[in-house]
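Below, each structure is written out as C-alpha coordinates.
Both of the next two complexes hold chain A, though its partner changes from chain B to chain C.
Our next item is the complex of A and B:
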(Lines of atoms letter the chains of each structure in order from A and count residues from 1; the text may use other names and numbers.)
(Lines give C-alpha, C1' and ligand atoms only; values in the text may rest on other atoms or scores of the structure.)
Protein backbone atom coordinates (compact mmCIF):
# COMPACT_ATOMS: atom_id res chain seq x y z
CA UNK A 1 0.00 0.00 0.00
CA UNK A 2 1.34 3.51 -0.93
CA UNK A 3 2.05 5.88 1.98
CA UNK A 4 -0.36 8.84 2.37
CA UNK A 5 2.28 11.02 4.07
CA UNK A 6 3.37 13.07 1.01
CA UNK A 7 -0.25 13.79 0.12
CA UNK A 8 -1.04 14.90 3.67
CA UNK A 9 2.07 17.08 3.65
CA UNK A 10 1.02 18.79 0.42
CA UNK A 11 -2.49 19.31 1.82
CA UNK A 12 -1.02 20.89 4.94
CA UNK A 13 1.32 23.11 2.97
CA UNK A 14 -1.56 24.40 0.85
CA UNK A 15 -3.59 24.95 4.01
CA UNK A 16 -0.72 26.87 5.61
CA UNK A 17 -0.34 29.04 2.53
CA UNK A 18 -4.06 29.92 2.57
CA UNK A 19 -3.90 30.45 6.31
CA UNK A 20 -0.82 32.69 6.00
CA UNK A 21 -2.67 34.84 3.48
CA UNK A 22 -5.72 35.14 5.76
CA UNK A 23 -3.50 35.76 8.80
CA UNK A 24 -1.64 38.54 7.00
CA UNK A 25 -4.94 40.24 6.18
CA UNK A 26 -6.15 39.80 9.77
CA UNK A 27 -2.92 41.15 11.27
CA UNK A 28 -3.09 44.16 8.95
CA UNK A 29 -6.65 44.82 10.13
CA UNK A 30 -5.60 44.44 13.79
CA UNK A 31 -2.73 46.89 13.40
CA UNK A 32 -4.93 49.37 11.54
CA UNK A 33 -7.64 49.15 14.22
CA UNK A 34 -5.06 49.61 16.99
CA UNK A 35 -3.53 52.66 15.30
CA UNK A 36 -6.96 54.14 14.57
CA UNK A 37 -8.08 53.63 18.17
CA UNK A 38 -4.89 55.24 19.51
CA UNK A 39 -5.31 58.14 17.11
CA UNK A 40 -8.96 58.61 18.17
CA UNK A 41 -8.00 58.56 21.85
CA UNK A 42 -5.29 61.16 21.19
CA UNK A 43 -7.74 63.28 19.19
CA UNK A 44 -10.19 63.19 22.11
CA UNK A 45 -7.55 64.40 24.55
CA UNK A 46 -6.25 66.93 22.05
CA UNK A 47 -9.77 68.35 21.69
CA UNK A 48 -10.14 68.63 25.47
CA UNK A 49 -6.81 70.43 25.89
CA UNK A 50 -7.36 72.68 22.88
CA UNK A 51 -10.81 73.56 24.20
CA UNK A 52 -9.30 74.35 27.59
CA UNK A 53 -6.69 76.62 25.97
CA UNK A 54 -9.44 78.37 23.97
CA UNK A 55 -11.48 78.92 27.13
CA UNK A 56 -8.44 80.33 28.92
CA UNK A 57 -7.67 82.74 26.09
CA UNK A 58 -11.30 83.85 25.86
CA UNK A 59 -11.63 84.19 29.63
CA UNK A 60 -8.45 86.22 29.94
CA UNK A 61 -9.14 88.22 26.75
CA UNK A 62 -6.02 86.99 25.04
CA UNK A 63 -3.58 86.99 27.93
CA UNK A 64 -1.11 84.45 26.55
CA UNK A 65 1.12 84.66 29.63
CA UNK A 66 -1.79 83.73 31.85
CA UNK A 67 -2.77 80.84 29.57
CA UNK A 68 0.85 79.63 29.48
CA UNK A 69 1.04 79.72 33.26
CA UNK A 70 -2.25 77.85 33.67
CA UNK A 71 -1.45 75.18 31.11
CA UNK A 72 2.19 74.74 32.05
CA UNK A 73 3.43 76.07 28.72
CA UNK A 74 5.78 78.77 27.50
CA UNK A 75 5.57 81.83 25.31
CA UNK A 76 7.39 81.70 22.02
CA UNK A 77 7.72 83.80 18.90
CA UNK A 78 4.66 83.56 16.66
CA UNK A 79 5.06 81.10 13.81
CA UNK A 80 3.72 81.82 10.36
CA UNK A 81 1.02 79.51 9.09
CA UNK A 82 0.43 78.82 5.42
CA UNK A 83 -2.97 80.47 5.15
CA UNK A 84 -3.33 82.60 8.23
CA UNK A 85 -1.01 85.47 9.04
CA UNK A 86 -0.10 85.86 12.71
CA UNK A 87 -0.59 89.24 14.33
CA UNK A 88 2.63 91.24 14.22
CA UNK A 89 4.96 91.44 17.21
CA UNK A 90 2.94 89.09 19.37
CA UNK A 91 3.95 86.01 21.21
CA UNK A 92 2.30 82.66 20.83
CA UNK A 93 1.57 79.96 23.36
CA UNK A 94 3.35 76.62 23.26
CA UNK A 95 2.52 73.73 25.57
CA UNK A 96 4.30 70.39 25.41
CA UNK A 97 2.62 67.21 26.59
CA UNK A 98 3.91 63.75 27.34
CA UNK A 99 2.19 60.58 26.14
CA UNK A 100 0.08 60.69 29.33
CA UNK A 101 -1.08 64.21 28.39
CA UNK A 102 0.69 65.81 31.35
CA UNK A 103 2.28 69.10 30.40
CA UNK A 104 6.02 69.34 30.80
CA UNK A 105 8.67 71.53 29.11
CA UNK A 106 10.74 68.42 28.31
CA UNK A 107 7.85 66.36 26.93
CA UNK A 108 7.61 65.88 23.19
CA UNK A 109 4.72 63.53 22.48
CA UNK A 110 2.22 66.29 21.69
CA UNK A 111 2.42 70.04 21.21
CA UNK A 112 -0.34 72.57 21.63
CA UNK A 113 0.15 75.94 20.03
CA UNK A 114 -1.98 79.07 20.09
CA UNK A 115 -0.93 81.66 17.53
CA UNK A 116 -2.54 85.14 17.53
CA UNK A 117 -4.15 86.09 14.22
CA UNK A 118 -4.83 89.46 12.70
CA UNK A 119 -8.49 90.35 12.26
CA UNK A 120 -10.12 93.03 10.19
CA UNK A 121 -12.79 93.69 12.83
CA UNK A 122 -11.82 96.33 15.38
CA UNK A 123 -11.95 95.05 18.95
CA UNK A 124 -11.99 91.41 17.85
CA UNK A 125 -9.04 89.17 18.56
CA UNK A 126 -8.42 85.70 17.22
CA UNK A 127 -6.02 82.85 17.71
CA UNK A 128 -5.34 79.66 15.86
CA UNK A 129 -5.17 76.74 18.27
CA UNK A 130 -3.62 73.51 17.03
CA UNK A 131 -2.45 70.27 18.58
CA UNK A 132 0.18 68.20 16.78
CA UNK A 133 1.74 64.89 17.61
CA UNK A 134 5.47 64.11 17.69
CA UNK A 135 5.54 63.42 13.95
CA UNK A 136 3.98 66.83 13.28
CA UNK A 137 0.60 65.42 12.23
CA UNK A 138 -2.26 67.70 13.19
CA UNK A 139 -4.76 66.18 15.62
CA UNK A 140 -7.05 69.19 15.89
CA UNK A 141 -7.02 72.80 14.78
CA UNK A 142 -9.53 75.62 15.08
CA UNK A 143 -9.77 79.37 15.36
CA UNK A 144 -11.05 81.03 18.50
CA UNK A 145 -12.18 84.66 18.68
CA UNK A 146 -13.11 86.98 21.50
CA UNK A 147 -14.02 90.59 21.99
CA UNK A 148 -11.34 92.71 23.53
CA UNK A 149 -12.81 95.13 26.02
CA UNK A 150 -11.06 98.49 26.39
CA UNK B 1 4.81 -3.21 -6.00
CA UNK B 2 7.43 -0.89 -4.48
CA UNK B 3 7.13 -0.29 -0.81
CA UNK B 4 8.62 2.57 1.22
CA UNK B 5 11.04 1.57 3.91
CA UNK B 6 9.82 2.02 7.52
CA UNK B 7 12.42 4.79 8.19
CA UNK B 8 11.29 6.76 5.08
CA UNK B 9 7.67 6.47 6.19
CA UNK B 10 8.64 7.65 9.67
CA UNK B 11 10.41 10.74 8.27
CA UNK B 12 7.40 11.54 6.09
CA UNK B 13 5.06 11.18 9.08
CA UNK B 14 7.33 13.32 11.23
CA UNK B 15 7.44 16.06 8.59
CA UNK B 16 3.64 16.03 8.41
CA UNK B 17 3.44 16.21 12.18
CA UNK B 18 5.94 19.09 12.33
CA UNK B 19 4.09 21.01 9.63
CA UNK B 20 0.84 20.49 11.49
CA UNK B 21 2.57 21.70 14.67
CA UNK B 22 3.76 24.84 12.88
CA UNK B 23 0.24 25.37 11.55
CA UNK B 24 -1.23 25.06 15.05
CA UNK B 25 1.35 27.51 16.45
CA UNK B 26 0.52 29.99 13.68
CA UNK B 27 -3.23 29.75 14.41
CA UNK B 28 -2.58 30.23 18.10
CA UNK B 29 -0.30 33.23 17.45
CA UNK B 30 -2.85 34.97 15.23
CA UNK B 31 -5.59 34.29 17.78
CA UNK B 32 -3.45 35.68 20.60
CA UNK B 33 -2.47 38.77 18.59
CA UNK B 34 -6.13 39.31 17.71
CA UNK B 35 -7.25 38.90 21.31
CA UNK B 36 -4.58 41.32 22.49
CA UNK B 37 -5.49 43.88 19.86
CA UNK B 38 -9.17 43.58 20.76
CA UNK B 39 -8.41 43.94 24.47
CA UNK B 40 -6.27 47.03 23.93
CA UNK B 41 -8.98 48.53 21.70
CA UNK B 42 -11.73 48.02 24.25
CA UNK B 43 -9.59 49.33 27.14
CA UNK B 44 -8.61 52.43 25.17
CA UNK B 45 -12.16 53.03 23.95
CA UNK B 46 -13.49 52.67 27.50
CA UNK B 47 -10.91 55.18 28.76
CA UNK B 48 -11.77 57.61 25.99
CA UNK B 49 -15.47 57.22 26.62
CA UNK B 50 -15.07 57.81 30.37
CA UNK B 51 -12.88 60.88 29.90
CA UNK B 52 -14.88 62.38 27.03
CA UNK B 53 -18.32 61.78 28.52
CA UNK B 54 -17.49 63.09 32.00
CA UNK B 55 -15.73 66.23 30.77
CA UNK B 56 -18.21 67.01 27.99
CA UNK B 57 -21.14 66.43 30.34
CA UNK B 58 -19.89 69.18 32.67
CA UNK B 59 -18.99 71.52 29.81
CA UNK B 60 -22.36 70.98 28.11
CA UNK B 61 -24.17 71.54 31.41
CA UNK B 62 -22.39 74.88 31.75
CA UNK B 63 -23.07 75.86 28.16
CA UNK B 64 -26.70 74.74 28.12
CA UNK B 65 -27.59 76.21 31.48
CA UNK B 66 -30.62 78.52 31.02
CA UNK B 67 -29.43 80.73 33.86
CA UNK B 68 -26.01 82.38 34.05
CA UNK B 69 -26.12 82.08 37.84
CA UNK B 70 -23.44 79.45 38.40
CA UNK B 71 -21.61 78.84 41.64
CA UNK B 72 -19.68 76.34 43.69
CA UNK B 73 -20.54 74.74 46.98
CA UNK B 74 -19.70 71.60 48.91
CA UNK B 75 -21.96 68.59 48.44
CA UNK B 76 -21.33 64.87 48.17
CA UNK B 77 -17.67 63.87 48.20
CA UNK B 78 -16.30 67.32 47.42
CA UNK B 79 -17.02 70.33 45.28
CA UNK B 80 -20.40 70.79 43.69
CA UNK B 81 -21.35 72.87 40.68
CA UNK B 82 -24.63 74.67 41.25
CA UNK B 83 -26.93 76.24 38.68
CA UNK B 84 -29.64 78.41 40.15
CA UNK B 85 -32.82 79.13 38.18
CA UNK B 86 -36.12 80.73 38.89
CA UNK B 87 -39.14 78.73 37.74
CA UNK B 88 -42.54 80.32 38.32
CA UNK B 89 -41.31 82.29 41.29
CA UNK B 90 -39.57 79.35 42.96
CA UNK B 91 -35.82 78.85 43.05
CA UNK B 92 -34.50 75.51 41.84
CA UNK B 93 -30.94 74.26 41.99
CA UNK B 94 -29.21 71.84 39.66
CA UNK B 95 -26.25 70.32 41.46
CA UNK B 96 -23.46 68.43 39.70
CA UNK B 97 -21.15 66.60 42.11
CA UNK B 98 -19.34 63.37 42.90
CA UNK B 99 -20.80 60.84 45.30
CA UNK B 100 -19.85 57.21 45.96
CA UNK B 101 -17.71 56.94 42.85
CA UNK B 102 -20.28 58.49 40.53
CA UNK B 103 -20.73 61.86 38.92
CA UNK B 104 -24.27 62.80 39.91
CA UNK B 105 -26.86 65.40 39.10
CA UNK B 106 -29.58 66.55 41.45
CA UNK B 107 -32.33 68.94 40.42
CA UNK B 108 -34.34 70.13 43.41
CA UNK B 109 -35.92 73.16 44.99
CA UNK B 110 -33.60 75.37 47.00
CA UNK B 111 -33.71 74.66 50.73
CA UNK B 112 -34.95 71.10 50.27
CA UNK B 113 -33.44 68.45 52.50
CA UNK B 114 -31.69 66.22 49.99
CA UNK B 115 -28.79 63.82 50.33
CA UNK B 116 -26.02 63.32 47.75
CA UNK B 117 -27.33 59.80 47.20
CA UNK B 118 -30.65 61.27 45.97
CA UNK B 119 -28.99 62.48 42.78
CA UNK B 120 -29.13 60.81 39.38
CA UNK B 121 -25.98 58.85 38.57
CA UNK B 122 -24.46 60.03 35.29
CA UNK B 123 -21.09 58.33 34.87
CA UNK B 124 -18.44 56.82 37.09
CA UNK B 125 -16.00 59.39 38.51
CA UNK B 126 -14.12 59.23 41.77
CA UNK B 127 -13.31 62.88 42.38
CA UNK B 128 -14.40 66.33 41.25
CA UNK B 129 -12.50 69.44 42.33
CA UNK B 130 -13.36 72.87 41.03
CA UNK B 131 -12.19 76.42 41.44
CA UNK B 132 -14.11 79.43 40.19
CA UNK B 133 -12.13 82.61 39.79
CA UNK B 134 -13.08 85.62 37.73
CA UNK B 135 -15.48 83.74 35.51
CA UNK B 136 -12.99 80.98 34.81
CA UNK B 137 -13.88 77.57 36.17
CA UNK B 138 -10.98 75.17 36.66
CA UNK B 139 -12.11 71.58 36.85
CA UNK B 140 -10.06 68.61 37.97
CA UNK B 141 -11.83 65.31 37.53
CA UNK B 142 -10.75 61.73 38.14
CA UNK B 143 -12.83 59.59 35.83
CA UNK B 144 -14.07 56.04 36.29
CA UNK B 145 -10.87 54.65 34.78
CA UNK B 146 -8.73 56.54 37.33
CA UNK B 147 -7.40 59.11 34.86
CA UNK B 148 -7.08 62.69 36.02
CA UNK B 149 -8.48 65.31 33.65
CA UNK B 150 -7.90 69.00 34.16
CA UNK B 151 -9.62 71.57 32.02
CA UNK B 152 -10.96 75.11 32.15
CA UNK B 153 -14.30 76.56 31.16
CA UNK B 154 -14.98 80.25 30.72
CA UNK B 155 -18.39 80.96 32.23
CA UNK B 156 -20.11 83.68 30.28
CA UNK B 157 -22.04 86.11 32.46
CA UNK B 158 -21.04 84.31 35.64
CA UNK B 159 -22.44 85.98 38.75
CA UNK B 160 -20.61 83.91 41.36
CA UNK B 161 -23.85 82.88 43.00
CA UNK B 162 -24.89 79.40 43.94
CA UNK B 163 -26.01 77.76 47.12
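Our next item is the complex of A and C:
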Protein backbone atom coordinates (compact mmCIF):
# COMPACT_ATOMS: atom_id res chain seq x y z
CA UNK A 1 0.00 0.00 0.00
CA UNK A 2 1.30 3.45 -0.96
CA UNK A 3 2.15 5.79 1.82
CA UNK A 4 -0.20 8.75 2.31
CA UNK A 5 2.47 11.00 3.78
CA UNK A 6 3.02 13.11 0.61
CA UNK A 7 -0.71 13.63 0.29
CA UNK A 8 -0.98 14.78 3.89
CA UNK A 9 1.97 17.09 3.38
CA UNK A 10 0.42 18.63 0.26
CA UNK A 11 -2.88 19.06 2.10
CA UNK A 12 -1.09 20.76 4.99
CA UNK A 13 0.77 23.10 2.64
CA UNK A 14 -2.41 24.06 0.79
CA UNK A 15 -4.24 24.70 4.05
CA UNK A 16 -1.39 26.84 5.35
CA UNK A 17 -1.50 28.87 2.14
CA UNK A 18 -5.27 29.31 2.39
CA UNK A 19 -5.00 30.30 6.03
CA UNK A 20 -2.19 32.77 5.28
CA UNK A 21 -4.24 34.34 2.49
CA UNK A 22 -7.37 34.61 4.61
CA UNK A 23 -5.41 35.89 7.60
CA UNK A 24 -3.74 38.57 5.47
CA UNK A 25 -7.10 39.74 4.10
CA UNK A 26 -8.74 39.73 7.52
CA UNK A 27 -5.77 41.48 9.10
CA UNK A 28 -6.13 44.27 6.55
CA UNK A 29 -9.79 44.56 7.47
CA UNK A 30 -8.91 44.67 11.18
CA UNK A 31 -6.26 47.34 10.67
CA UNK A 32 -8.60 49.43 8.51
CA UNK A 33 -11.37 49.09 11.11
CA UNK A 34 -8.99 50.13 13.89
CA UNK A 35 -7.79 53.20 11.96
CA UNK A 36 -11.34 54.19 11.05
CA UNK A 37 -12.46 53.73 14.64
CA UNK A 38 -9.62 56.00 15.84
CA UNK A 39 -10.59 58.55 13.19
CA UNK A 40 -14.23 58.43 14.38
CA UNK A 41 -13.11 58.97 17.96
CA UNK A 42 -11.04 61.96 16.82
CA UNK A 43 -14.05 63.41 14.98
CA UNK A 44 -16.15 63.03 18.15
CA UNK A 45 -13.48 64.71 20.27
CA UNK A 46 -13.13 67.49 17.69
CA UNK A 47 -16.88 68.15 17.92
CA UNK A 48 -16.70 68.22 21.72
CA UNK A 49 -13.76 70.63 21.84
CA UNK A 50 -15.29 72.85 19.16
CA UNK A 51 -18.51 73.00 21.19
CA UNK A 52 -16.53 73.93 24.31
CA UNK A 53 -14.79 76.74 22.46
CA UNK A 54 -18.10 77.95 20.99
CA UNK A 55 -19.83 78.02 24.37
CA UNK A 56 -16.87 79.75 26.01
CA UNK A 57 -16.95 82.46 23.35
CA UNK A 58 -20.72 82.83 23.61
CA UNK A 59 -20.68 82.85 27.41
CA UNK A 60 -17.89 85.38 27.62
CA UNK A 61 -19.38 87.49 24.78
CA UNK A 62 -16.36 87.06 22.59
CA UNK A 63 -13.58 87.25 25.17
CA UNK A 64 -10.88 85.40 23.23
CA UNK A 65 -8.36 85.81 26.06
CA UNK A 66 -10.69 84.08 28.50
CA UNK A 67 -11.38 81.26 26.03
CA UNK A 68 -7.64 80.87 25.37
CA UNK A 69 -6.94 80.68 29.09
CA UNK A 70 -9.69 78.13 29.71
CA UNK A 71 -8.78 75.95 26.75
CA UNK A 72 -5.01 76.19 27.13
CA UNK A 73 -4.54 77.99 23.84
CA UNK A 74 -2.91 81.16 22.62
CA UNK A 75 -4.07 84.31 20.91
CA UNK A 76 -2.77 85.13 17.49
CA UNK A 77 -3.42 87.83 14.94
CA UNK A 78 -6.57 87.20 12.93
CA UNK A 79 -6.07 85.91 9.43
CA UNK A 80 -7.31 88.28 6.79
CA UNK A 81 -9.47 87.25 3.93
CA UNK A 82 -12.62 88.21 2.11
CA UNK A 83 -14.82 86.49 4.65
CA UNK A 84 -12.84 87.28 7.78
CA UNK A 85 -12.97 90.29 10.02
CA UNK A 86 -10.81 93.05 8.60
CA UNK A 87 -10.01 94.70 11.92
CA UNK A 88 -6.29 94.29 12.47
CA UNK A 89 -6.61 94.52 16.21
CA UNK A 90 -8.96 91.56 16.40
CA UNK A 91 -7.41 88.40 17.66
CA UNK A 92 -8.08 84.79 16.91
CA UNK A 93 -7.81 81.81 19.17
CA UNK A 94 -5.51 78.89 18.50
CA UNK A 95 -5.40 75.75 20.62
CA UNK A 96 -3.02 72.90 19.88
CA UNK A 97 -3.81 69.37 20.95
CA UNK A 98 -1.74 66.22 21.15
CA UNK A 99 -2.97 62.85 19.94
CA UNK A 100 -4.51 62.31 23.41
CA UNK A 101 -6.50 65.56 23.01
CA UNK A 102 -4.62 67.32 25.79
CA UNK A 103 -3.86 70.92 24.94
CA UNK A 104 -0.23 71.90 24.81
CA UNK A 105 1.61 74.71 22.97
CA UNK A 106 4.06 72.18 21.54
CA UNK A 107 1.48 69.62 20.44
CA UNK A 108 0.75 69.35 16.75
CA UNK A 109 -1.71 66.50 16.24
CA UNK A 110 -4.81 68.72 16.10
CA UNK A 111 -5.47 72.45 16.08
CA UNK A 112 -8.59 74.32 17.05
CA UNK A 113 -8.98 77.82 15.71
CA UNK A 114 -11.61 80.47 16.33
CA UNK A 115 -11.38 83.33 13.87
CA UNK A 116 -13.64 86.40 14.13
CA UNK A 117 -15.96 86.92 11.17
CA UNK A 118 -17.35 90.11 9.77
CA UNK A 119 -21.10 90.39 10.31
CA UNK A 120 -23.63 92.49 8.45
CA UNK A 121 -25.71 93.21 11.56
CA UNK A 122 -24.44 95.78 14.06
CA UNK A 123 -24.29 94.36 17.58
CA UNK A 124 -23.72 90.83 16.38
CA UNK A 125 -20.35 89.09 16.56
CA UNK A 126 -19.43 85.80 14.95
CA UNK A 127 -16.49 83.47 14.82
CA UNK A 128 -15.58 80.56 12.62
CA UNK A 129 -14.55 77.62 14.74
CA UNK A 130 -12.61 74.87 13.01
CA UNK A 131 -10.69 71.82 14.11
CA UNK A 132 -8.05 70.41 11.79
CA UNK A 133 -5.73 67.47 12.06
CA UNK A 134 -1.97 67.51 11.46
CA UNK A 135 -2.40 67.05 7.70
CA UNK A 136 -4.72 70.07 7.58
CA UNK A 137 -7.86 68.03 6.98
CA UNK A 138 -10.91 69.64 8.55
CA UNK A 139 -12.66 67.54 11.18
CA UNK A 140 -15.42 70.04 11.93
CA UNK A 141 -16.16 73.70 11.36
CA UNK A 142 -19.12 75.94 12.10
CA UNK A 143 -20.00 79.53 12.83
CA UNK A 144 -20.96 80.68 16.29
CA UNK A 145 -22.57 84.05 17.04
CA UNK A 146 -23.30 86.12 20.10
CA UNK A 147 -24.52 89.57 21.04
CA UNK A 148 -21.98 92.31 21.44
CA UNK A 149 -22.91 94.22 24.58
CA UNK A 150 -22.30 97.95 24.45
CA UNK B 1 -4.10 -7.24 -12.62
CA UNK B 2 -3.98 -9.09 -9.41
CA UNK B 3 -7.66 -9.92 -9.67
CA UNK B 4 -8.42 -8.12 -6.49
CA UNK B 5 -9.87 -4.58 -6.78
CA UNK B 6 -8.48 -1.96 -4.46
CA UNK B 7 -11.20 -0.52 -2.25
CA UNK B 8 -12.14 3.07 -3.06
CA UNK B 9 -10.76 5.52 -0.55
CA UNK B 10 -12.23 9.01 -0.39
CA UNK B 11 -9.87 11.99 -0.66
CA UNK B 12 -8.20 12.54 2.65
CA UNK B 13 -9.54 15.58 4.42
CA UNK B 14 -7.64 15.56 7.62
CA UNK B 15 -7.95 17.35 10.89
CA UNK B 16 -5.71 20.18 9.71
CA UNK B 17 -8.15 21.02 6.90
CA UNK B 18 -11.08 21.13 9.26
CA UNK B 19 -9.13 23.26 11.70
CA UNK B 20 -8.11 25.72 8.99
CA UNK B 21 -11.65 25.95 7.63
CA UNK B 22 -12.93 26.69 11.13
CA UNK B 23 -10.18 29.28 11.73
CA UNK B 24 -10.84 31.00 8.39
CA UNK B 25 -14.55 31.08 9.09
CA UNK B 26 -13.93 32.61 12.52
CA UNK B 27 -11.55 35.21 11.05
CA UNK B 28 -14.03 36.14 8.35
CA UNK B 29 -16.92 36.46 10.78
CA UNK B 30 -14.89 38.62 13.18
CA UNK B 31 -13.62 40.78 10.32
CA UNK B 32 -17.17 41.32 9.05
CA UNK B 33 -18.38 42.13 12.55
CA UNK B 34 -15.62 44.68 13.10
CA UNK B 35 -16.28 46.26 9.70
CA UNK B 36 -20.01 46.58 10.40
CA UNK B 37 -19.28 48.05 13.85
CA UNK B 38 -16.94 50.61 12.39
CA UNK B 39 -19.45 51.48 9.67
CA UNK B 40 -22.13 52.08 12.30
CA UNK B 41 -19.63 54.12 14.35
CA UNK B 42 -18.78 56.25 11.32
CA UNK B 43 -22.47 56.92 10.64
CA UNK B 44 -22.99 57.92 14.27
CA UNK B 45 -19.94 60.16 14.25
CA UNK B 46 -21.06 61.89 11.04
CA UNK B 47 -24.55 62.40 12.46
CA UNK B 48 -23.09 63.85 15.63
CA UNK B 49 -20.89 66.31 13.72
CA UNK B 50 -23.83 67.25 11.50
CA UNK B 51 -26.06 67.78 14.55
CA UNK B 52 -23.46 70.11 16.12
CA UNK B 53 -23.11 72.06 12.86
CA UNK B 54 -26.87 72.32 12.40
CA UNK B 55 -27.41 73.47 16.00
CA UNK B 56 -24.86 76.27 15.77
CA UNK B 57 -26.19 77.31 12.37
CA UNK B 58 -29.68 77.66 13.90
CA UNK B 59 -28.20 79.34 16.98
CA UNK B 60 -26.42 81.89 14.78
CA UNK B 61 -29.67 82.61 12.92
CA UNK B 62 -31.44 83.08 16.25
CA UNK B 63 -28.69 85.43 17.45
CA UNK B 64 -28.95 87.42 14.22
CA UNK B 65 -32.71 87.82 14.71
CA UNK B 66 -32.09 88.95 18.29
CA UNK B 67 -29.51 91.45 17.07
CA UNK B 68 -32.02 92.82 14.53
CA UNK B 69 -34.69 93.07 17.24
CA UNK B 70 -32.23 95.02 19.37
CA UNK B 71 -31.81 97.40 16.45
CA UNK B 72 -35.56 98.02 16.45
CA UNK B 73 -36.42 95.88 13.44
CA UNK B 74 -39.05 93.17 13.38
CA UNK B 75 -37.55 90.37 11.30
CA UNK B 76 -39.70 87.91 9.40
CA UNK B 77 -40.88 84.95 11.46
CA UNK B 78 -41.00 86.82 14.76
CA UNK B 79 -44.39 86.69 16.47
CA UNK B 80 -45.42 89.20 19.08
CA UNK B 81 -47.51 87.56 21.82
CA UNK B 82 -48.38 90.33 24.24
CA UNK B 83 -45.01 91.70 25.27
CA UNK B 84 -43.18 88.51 24.31
CA UNK B 85 -41.34 88.15 21.03
CA UNK B 86 -41.22 84.51 19.92
CA UNK B 87 -39.58 82.80 16.99
CA UNK B 88 -38.21 79.44 15.95
CA UNK B 89 -35.14 78.50 13.93
CA UNK B 90 -35.11 75.08 12.33
CA UNK B 91 -32.19 72.88 13.34
CA UNK B 92 -33.18 69.76 11.43
CA UNK B 93 -36.29 67.89 10.34
CA UNK B 94 -36.67 66.66 13.89
CA UNK B 95 -35.83 69.69 16.01
CA UNK B 96 -35.90 73.46 16.10
CA UNK B 97 -34.63 76.16 18.38
CA UNK B 98 -37.44 78.03 20.13
CA UNK B 99 -36.69 81.52 21.40
CA UNK B 100 -38.83 83.81 23.51
CA UNK B 101 -37.74 87.31 24.46
CA UNK B 102 -39.16 90.17 26.45
CA UNK B 103 -38.16 93.79 26.21
CA UNK B 104 -37.56 95.27 29.65
CA UNK B 105 -36.87 98.94 29.10
CA UNK B 106 -33.80 98.79 26.86
CA UNK B 107 -32.73 95.30 27.85
CA UNK B 108 -33.83 92.16 26.09
CA UNK B 109 -34.58 89.36 28.53
CA UNK B 110 -34.21 85.86 27.14
CA UNK B 111 -37.11 83.81 28.50
CA UNK B 112 -36.52 80.75 26.39
CA UNK B 113 -33.65 79.48 24.25
CA UNK B 114 -34.60 75.87 23.90
CA UNK B 115 -34.13 73.00 21.50
CA UNK B 116 -37.57 71.47 20.95
CA UNK B 117 -38.77 68.51 18.87
CA UNK B 118 -40.28 69.60 15.56
CA UNK B 119 -43.16 67.15 15.75
CA UNK B 120 -45.54 66.31 18.53
CA UNK B 121 -44.59 63.43 20.79
CA UNK B 122 -46.67 60.36 20.03
CA UNK B 123 -46.58 57.88 22.87
CA UNK B 124 -46.56 54.27 21.71
CA UNK B 125 -48.87 52.33 24.04
CA UNK B 126 -49.31 49.33 21.77
CA UNK B 127 -47.10 47.09 23.93
CA UNK B 128 -48.52 45.81 27.21
CA UNK B 129 -45.67 47.02 29.39
CA UNK B 130 -45.79 46.81 33.17
CA UNK B 131 -46.77 50.15 34.60
CA UNK B 132 -46.74 49.20 38.25
CA UNK B 133 -49.35 47.87 40.62
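One rule holds in what follows: the second predicted complex is superposed on the first by the 138 of 150 C-alpha atoms of A that agree within 3 Å, B and C clash if a C-alpha of one lies under 4 Å from a C-alpha of the other, contacts with A are read in each partner's own complex, and residues count from 1 in each chain.
Everything below uses one rule, namely that contacts are C-beta pairs under 8 Å (C-beta built on N, C-alpha and C of every residue); 3 or more make two chains touch, one makes a residue touch a chain.
This one's a predicted model, so the numbers in the text were calculated from it and none came from an experiment.
Under the clash rule set out above, the superposition-derived model of chain A with chain B and chain C shows the two partners fitting side by side. In the superposition on chain A, contact of A:60 is made with chain B only, not with chain C. Contacts of A:147 after superposition on the shared chain: chain C is touched, whereas chain B is not.
By the document's definition of touching, of the two partners only chain C reaches A:18; chain B does not. Once the two complexes are laid over each other on the shared chain, residue contacts for A:6 go to chain B alone; chain C is not touched.
Touch criterion met: A:51 reaches chain B and chain C at once.
Put simply, the nearest alpha carbons of chain B and chain C end up 6 Å apart when the two models share chain A. Taken together, the two complexes place residues 8, 12, 15-16, 19, 23, 26, 30, 33, 37, 40, 44, 51 of chain A in contact with chain B and also with chain C.
Touching chain A in their complex are the following residues of chain C: 12-14, 16-17, 19-20, 23-24, 27-28, 30-31, 34-35, 37-38, 41-42, 44-46, 48-49, 52-53, 56-57, 59-60, 63-64, 66-68, 70-71.
Of all residues in chain B, only 4, 8-9, 12-13, 15-16, 19-20, 22-23, 26-27, 30, 33-34, 37, 40-41, 44-45, 47-48, 51-52, 55, 59, 134-136, 138, 149-154 touch chain A in the complex they form. Taken together, the chain A residues at the contact with chain B in this complex read 2-3, 5-6, 8-9, 12-13, 15-16, 19-20, 23, 26-27, 30-31, 33-34, 37-38, 40-41, 44-45, 48-49, 51-52, 55-56, 58-60, 70.
Chain A meets chain C in the complex at residues 4, 7-8, 11-12, 15-16, 18-19, 22-23, 25-26, 29-30, 32-33, 36-37, 40, 43-44, 46-47, 50-51, 54, 119, 121-124, 126, 139-147.
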